[in-house]
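Okay, so chain A shows up in both of these, paired with chain B first and chain C after.
Then we have the complex of A and B:
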């Protein structure tokens, strides 16, 4: 399984704080995103915008490889002030 | 040496073991550039002036707007249409006349950054867009000055410290490698709850005072504040060797 977490406004936008997804066919963050967008149309919109990702609490990229048990957190970049 | 008046004025922080008279002297001898005098810049500048930081350079080319007053707490209704840096300077001097304040009443561009940054001890990012942060990031890397980043919109905030004097320190572009797909989300487009800025600005001011007094601060860490759920998350950031700003390929 892959543990997926959503933080900040992304959590509100998706109406979800966390979910578990089977790691079958998921090799990296990009393939996880593809699997997530198939779950709900909302996810497609949310992931089309700029988004930050952390794997096991470390900032990563969409190319980061994943293994079962990994925790993947998504959140929006905050740029105002 | 601190004067009797200074010892009294700053007594409540001087009594802290980690501050003391030595710490207060370091603050008095320090120069800080605060870029942006909006929602983050207001509390940051007020706390640094109140704490007795010797010299503040405050930069903003914008005018006070009626829609700013809900969160930019240094400004009053009568300040609408006045330059933000100018107006903030007057309010800060009322709080602490001993602080030397230099107003830069225009948006900081590359030329101004290269002019001012070599002469400061650290830079605080209180801007509201990615382009300005790229500019500050680059200039601070070049002039080897610590940069304290902050951002806020909605109920959310982010904060990170960059120390170019530490070879391992990640920079802003290690986290945000490209402006591609960069959000244009700012307080104007998606709104902001005022006190979120005080939370992030308060952290920025705290980190600034710590750096000026020689206390350790955490780099290589992105802090995310979720005000709606009253929750902080921390993510480790590694310096990216491929980073176009601080890595080998720069």
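Then we have the complex of A and C:
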């Protein structure tokens, strides 16, 4: 399984803060995104280029390879402080 | 989280500026300088009347990032203690959001490290602000290019 998390405006837009997805056929972040949008067509427009990704709590890219058990988080650019 | 004279706290509750200063100073006579920054919720942004801020974060990742930023500051300057506190949840106008405190032997390192930590916290730490306006509207804030430029300048 891959554990997927969403934060802030993306979380609200998708109406979901986390979900688990079978890791079958998921090799990298990009293929995870394809699987997510196939499952939830309404997710299609949400993942624009400004959305950032962290894999196992480290900032990452859409080319990052994934393995079962990974935690993948998607979120907009940060605005703390 | 406490590590090598670094204190990182992400919490809902308020913090006491005087108490945090005292902790930086307690049993610390090696350092003569303390620089601090405190950020608070202001009542206006982009010509809107603001009545509050909601702060969301990515638990665990945020703490790790703040620790990394503090460690980077310690590797760049000779620092004694570093404390970073950031609040989450619903905050009203005037409430404290963030505290950064740094000690060093002399003022220059403390001033610079304090600014460095805030600049990187702004662009790296996984916090998101949602503004609550006086007219009832709620708005997730956009990241600012000026913050990125400031971090890039280091």
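As a working rule, the second predicted complex is superposed on the first by the 75 of 81 C-alpha atoms of A that agree within 3 Å, B and C clash if a C-alpha of one lies under 4 Å from a C-alpha of the other, contacts with A are read in each partner's own complex, and residues count from 1 in each chain.
Assume contacts are C-beta pairs under 8 Å (C-beta built on N, C-alpha and C of every residue); 3 or more make two chains touch, one makes a residue touch a chain.
Bear in mind that the values here come from a model prediction, so they are computed numbers and not experimental data.
When both complexes are overlaid on chain A, the residue A:75 reaches chain B and chain C alike. Once the two complexes are overlaid on the shared chain, A:7 sits against chain B and chain C alike. More residues of chain A lie in touch with B than with the remaining chain of the pair chain B and chain C. In the superposition on chain A, contact of A:57 is made with both chain B and chain C. Residues 7-9, 12, 54, 57, 59, 73, 75-81 of chain A contact both chain B in one complex and chain C in the other.
Residues of chain B touching chain A in their complex: 36, 38-41, 125-130, 133, 150-158, 174-177, 181-183, 185-187, 190, 192, 197, 200, 222, 224, 226, 228-229, 233-238. Interface residues of chain A facing chain B in the complex, by the touch rule stated above, are 7-9, 11-12, 49-50, 52, 54, 57-59, 61, 73, 75-81.
Those residues of chain A lying in contact with chain C across their complex are 5, 7-9, 12, 54, 57, 59, 73, 75-81.
Within the complex formed with chain A, the residues of chain C that make contact are 39, 55-58, 60-61, 64, 86, 97-98, 118, 121-130, 140-143, 147.
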